[in-house]
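Right after this note come the structures.
Next come two complexes, and both contain subunit A; in the first it sits with subunit B, in the second with subunit C.
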Partner chain A sequence: MSIVTVQLGQCGNQIGFEVFDALFNDSHCPGGLCSKRENEAYQASCKERFFSEEENGVPVARAVLVDMERKVISQTLSKAARSGRWKYGQHSCFCQKQGSGNNWAYGYSVHGPRHKESIMNLIQKEVEKCDSLSGFFIIMSMAGGTGSGLGAFVTQNLQDQYSSALKMNHIIWPYGTGEVIVQNYNSILTLSHLYRSSDALLVHENDAVHKICAKLMNIKQISFCDINQVLAHQLGSVFQPTYSREGSFHYRRNPLGDLMENLVPHPEFKMLGVRNIPQMSENSLAYSTFTWAGLLKHLRQMLISNAKMEEGIDWQVRPPLSGLPPLGKMSVNKETHFNTSIANLVILRGKDVHSADVGHHRALKRVLCAEHLKIQLSILPG
Partner chain B sequence: MGRRRRRQPDPADAARALPEAIAALSRTLPAAPSPEIFRRAKFDRPEAAPALWRLLFHVLSPLSADSASVSFTLEAQVRWVKSVLHSQGYPRLALVQLQDDGSQGGRELLLALAWLLARGPLPERLLTQSHVRLGDEMPVCECEALASPGPPAPRVEAEGSVDIRHLQWLMGKLQLRWRNLMAGQQEQCALLGKIHSYTRGCHSDRSLGHLSVTETELLRDPEGGRQLLQRLETENARLEAALEWRHRELVFWRWMDTVLDTCPLEASPPTFLPRIPEPGAGAAGLPVRELQALQEELQALQEELRKAVEARRAAWQAAVGGHGPEWRAARRALQVAVAQDLAALQWAWEQGKGQARPHGPRRLVRTEARVPGRLGLWATEATEALRAREACLEAMLHQLQGQCRQELARLVGVRPGLIWVPPPAR
Partner chain C sequence: MTQSVVVQVGQCGNQIGCCFWDLALREHAAVNKKGIYDEAISSFFRNVDTRVVGDGGNISKGKICSLKARAVLIDMEEGVVNEILQGPLRDVFDSKQLITDISGSGNNWAVGHKVFGSLYQEKILEKLRKSAEHCDCLQCFFIIHSMGGGTGSGLGTFLLKVLKDEFPEVYRFVTSIYPSGEDDVITSPYNSILAMKELNEHADCVLPIDNQSLFDIISKIDLMMNSGKLGAAIKPKSLVTSSTGVFKKRQEKPFDAMNNIVANLLLNLTSSARFEGSLNMDLNEIIMNLVPFPQLHYLVSSLTPLYTLADVNIPPRRLDQMFSDAFSKDHQLIRADPKHSLYLACALMVRGNVQISDLRRNIERLIFTIIYKLKGWRKAVSQKPCHLYQHLYKNITSWMPQKACLWKIYLD
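Take a look at the complex of A and B:
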């Protein structure tokens, strides 16, 4: 099944490019541990999800690019075409000239209705190219005007027009010491609207990713490109083909369906986060060895102590012993920093995956006083 | 010299007839034990019981013998078999009273099996269910699925308080699974369409015209072809066993009579009073007198039962009737509603009487022209029938939703201090 990506605004388009690039490169990288047949199955599955085939054989990303300014979209299109390995569709983008001025209402109430038909037509064309649709993946930031306001509008329209399709919104949480003055307003407005029309909200915080770049990847001058690449790496590991735990001979067909069924069945708890381990720069790879047991232990403590990366984990935090806290006795001043997620999903990739023992994580699933849902990921260099 | 000697019936033949009959039965049923187990079961030997429980489970469950059923413990299988037999009307109480661990009751299980065999063509029905299908099939109705008992459900403990959020979670999970199922089915249809159109002209059978998925796999992968051949051969063996069973059945039923005789008498409720002949003198009079005593006892019991029922009914009516005219009005409304439902059902049946409802699974064939005289069901007709059914069900859903809304409105009115926050309308 295929996923149609909608890239909105400057942030959405830049991230979207990195995501497709990461997905393509991952599925086509030489080497690796699997047989040729396995590799081909993996490639085929990845390709069907994110790319469609054009006459001259170059894969075309299943994406619609939307922005109110021309600059970023043309940069994105040319970067993709330059690589020569994959590209965006020529007619898959929509841009205007005037921008949104970081104004949520401008994106939602002015640009939205004005350009609704053109944008929905583009999406419709992309959907028709799919044999079957797993759902929509909408990339946007919350701070700006286009991504947030227009994003909320587009998601609502997708809900109306494709009510049976799943929608996951990828939201970029702005820096605390923000870039935009009105980012708080934009964020709240976006979240409240998305909560009604989206099925799942996958949140990436700029601050957290920035720290990952600084501490784990050892990048001196962190640019948005670096941040986007880390993001793309995390997203890729979520969306690449997977087997189920019980074992199977074929890759699972419906990536969004699997994620949502396990993580967001409850209509009031829709927010998701991603945690990845290990994250490091390419150079350090040669000097490191990993074991599943070690990685899983770190990942588990990252989850319990609400840490965003594997450095600086607080090992003192423990899960509460009784499972369910008594209802109505939630004291907000509890400084336990214990993670309060409702559900978790672990995706493991790498060598000897079947020997990895995920262990006794059930206790974590019963804590029902939560606001957040998290996904766990574990990545091993292949 | 050419004159055929008349064969005397060989007593050894008679001795062999029963095991051969049971062996034929074993070969045609899924997961059936050996004839030796059957023999031991007649004498209620403990080792026979688990095998027979498993046999009944496989015979009654709609799932195929491998996949999900291996994950159920014997205890779960025992409980499920009991509930299914009960729902199908199995009369003997002794089966229900058997222990859940499946360690005893071989004789009762034999009787249950015989009951199932006697009710209908069981081996043939099972064979139809597990029939190897070469074409891509799709069911056009739900009758089979609705009539068969569902798979065993996990035991739900009715605890004191129910966490609404947990229920919402489960409900949401169910809805998402449903959506995923729909998406998966749509994908399957799209891909089937592609395969059927790509393999046009490849089939040796002109009326079909194109290959199915199984047939395509057969051509692509010789290993798959070998496995298909094996499955066909197994099915053949089972069909032959079924034929043999039909020839030899009589021996089995005679043997089952002896099994029934060895069972202790069961105290089943009397459905009628036996007619007792006039008491005669002498030795014959003794049992007759006993019979008369029995009859009087039965009558007394029935009188007691009737009184108890009346007392209960009066008590219930007193409890319910305390609401007075409101209750009578509600009852009248209920009667009117039921009459309306009945009239609607009758009307719907009258409408649909002319068209034959399509049933059962059908092989999908993609063809261009409408060849006259061709047997089979056109997709357009099937979809029309399904749409009519969908309209009926939607009407029912709206009615039920309206009732729910009324009930909610009534509840809201009952507690004025409560603030209701409905979920956002979709």
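Take a look at the complex of A and C:
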């Protein structure tokens, strides 16, 4: 089943490009640990989800690009076309001239109704190209005008028009030091609207990803491109195909459905986050070794102590043994913030994945496995 | 891409405008190697086939034939405008874009505003409508004028009302040159105050600039250049004041250097709207972020660095120094002390090879050392380096002191 991606605003379009690039590179990576048949099955499954075939064999991303000014979209389209291996559809973008001016109300109340027809038409065309639709993946930021305002409007319309399709909104939490002066207003308005119309909100914080780039990837001068690549890596590890119960050649067909079934038990609890381990630069990969037990232990502690990356995990934090509040004093030295997540999902990818023993970790509920090229592991708490 | 029209009023306005167009052409020439009329150029220029008689065929794409500036030049005496039309920029302006008279306003706001205003209102409207028609999507008018004279302040502010009525949805960015302490025009305080009232009501955003501060900046640069060995390390043509190709020690015209600073300011302000970058900031975003209430639309701007050294790689400490400089009084284009009043909002626009991590690090640093209680920051990063200056270029910060701060200038 396919996912249609809607990229909104400068942030959404820049991230969207990196996501498709990462997905494509991952599925077409040469070499690997599996047989050819398995690889082909994986590629086919990935392609069905995110790309549609075009005449001269170049896959076209199932995406709709929306922005209120031309510059970013033309940059994204040309970058994709330049890579030569995949591209965006020529007519799947919509732009205006003037921009939203970082104004949520302008995006929601002015641009939204004005361009509703055109945008929904584009999405409809993309949906018609799919054999079966799993849902929508909407990438937007919360600080700007188009991403936040128009994003809220589009999600609402998708809710009205495609009420049986699932919608996952990927929202970017702006930097604490500020990117836009009115980002607080824009964020609050967006969140309140999205909470009503979206099915799941996958949140990525710029601060957290920035720290990952700085500490784990050892990048000195971090640009938005680096941040987007880390984000794309994390998203790719979530969305790439995973095995179903039948065996290693059959992949689960409904990515969004699987995620939401496990992670959104009640419609009121829909904020999700991703933790990815190990996250490191390509150079360091050659010098590292991993064991499943070690990775899982780190991941579990990351989850419990609410850490976003593997460095600086607070090992002192433990979940309370029973549901009752602790009697007497809590530990005085450190604040115990442990993660109060409702549901968690582990996705394991890599060599010998079946040997990984997740059973004894009480916090982990269900496990999806895939045996593939990259060793990556993620947990999504609800 | 959106277009902007520049309206230059009065002697001061026209001289600054002249420098602005010169610099704009150079900037685009440096960036646009293939000579194709792209969207960045179209924001200030239109591509015209001069062989077609009449209004000229507008060519929207393809190779550049002849560029005409989207400008309207207004002056009540002919001297300055004639000089522009005889200078190297004569092909950039169309004779139909000019409005001139003979006698001048006599440094009298009322003559400029009431007499010439009513006399030329129709003509001005017609020229403005013409230039707006040539635009695909007009976003903003840039008005350049001085506050001390007669035409600039009087007719310039009359223009604002006209623009507000005729084009209510187009932003009006005003660059006003405030009189300095040793001004030679005796009626300048009266003219400025009368003009200020109009600016308060009809402008969307005002960038006040002071002759004295510009002069201080120039003395600083001169000091740097003449101070021996460090002076030799400065890359020629990298000064914020240099315009012509030859590196001269003394400018030909007395106000050239100062005008170049203002021209640089305007170009950098619009650079994020014209060129691509990783975090763009359009003109409407400037207004949205920095103008919290409609009447609080005065922005204090500052530029750094004033010159670049010949060294190609900018060490991070130099970059951090640039950010700190942006908040120092020496780099501001108007003499106002925001530290004694209040920062309401602040925007940092960066051009060149600067990444978001640098911006973030510096903001974290500055929030504690220099500015206190400032919650609102706006960042913008533009990737196109300014090739005139070849390297890591400028940061402009604008922030909004309360108006009390500006009034101090009048009291001094």
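Throughout what follows, the second predicted complex is superposed on the first by the 340 of 382 C-alpha atoms of A that agree within 3 Å, B and C clash if a C-alpha of one lies under 4 Å from a C-alpha of the other, contacts with A are read in each partner's own complex, and residues count from 1 in each chain.
Keep this in mind: contacts are C-beta pairs under 8 Å (C-beta built on N, C-alpha and C of every residue); 3 or more make two chains touch, one makes a residue touch a chain.
For clarity, every value in this text was computed on a predicted model and none was experimentally measured.
Overlay on subunit A: subunit B and subunit C fit together in the combined arrangement. Applying the stated contact rule after C-alpha superposition, one finds that A:N254 touches subunit B and leaves subunit C untouched.
When subunit A is checked against subunit B and against subunit C, the one touching more of its residues turns out to be C.
After overlaying the two complexes on the shared chain, residue contacts for A:Y175 are found with subunit C alone; subunit B is out of touch. By the touch criterion stated above, A:Q279 is placed in contact with neither subunit B nor subunit C. Using C-alpha centres, the superposed arrangement gives subunit A a vertex angle toward subunit B and subunit C of 150 degrees, stated as a multiple of 10. Using the contact criterion defined above for the overlaid structures, shared-chain residue A:S305 touches neither subunit B nor subunit C, since it reaches no partner. Once the two complexes are overlaid on the shared chain, A:S132 sits against subunit B while remaining clear of subunit C. Of the two partner chains, neither subunit B nor subunit C is touched by A:S27.
With both structures placed on the common chain, the touch criterion links A:V72 to subunit C but leaves subunit B unconnected. Of the two partner chains placed by superposition, A:Q240 touches none, neither subunit B nor subunit C. Minimum Cα-Cα distance between subunit B and subunit C in the superposed model: 33 Å.
No residue of subunit A lies in contact with both subunit B in one complex and subunit C in the other. Per the touch definition, subunit C reaches subunit A in the complex via residues 1-2, 39, 136-137, 139, 276, 278-280, 282, 284-285, 287-290, 345, 347, 355-358, 360, 363-364, 367, 375-379, 381. Of all residues in subunit B, only 163, 165-166, 168-173, 175-177, 179-180, 182-184, 186-187, 190-191, 194, 423-424, 426 touch subunit A in the complex they form. Across the complex, subunit A meets subunit B through its residues 1, 131-134, 163-164, 166, 196, 253-254, 257-258, 260-261, 264-268, 342, 368.
Subunit A meets subunit C in the complex at residues 10, 14, 69-72, 75, 97-99, 101-103, 145, 175, 177-182, 210, 213-214, 221-225, 227.
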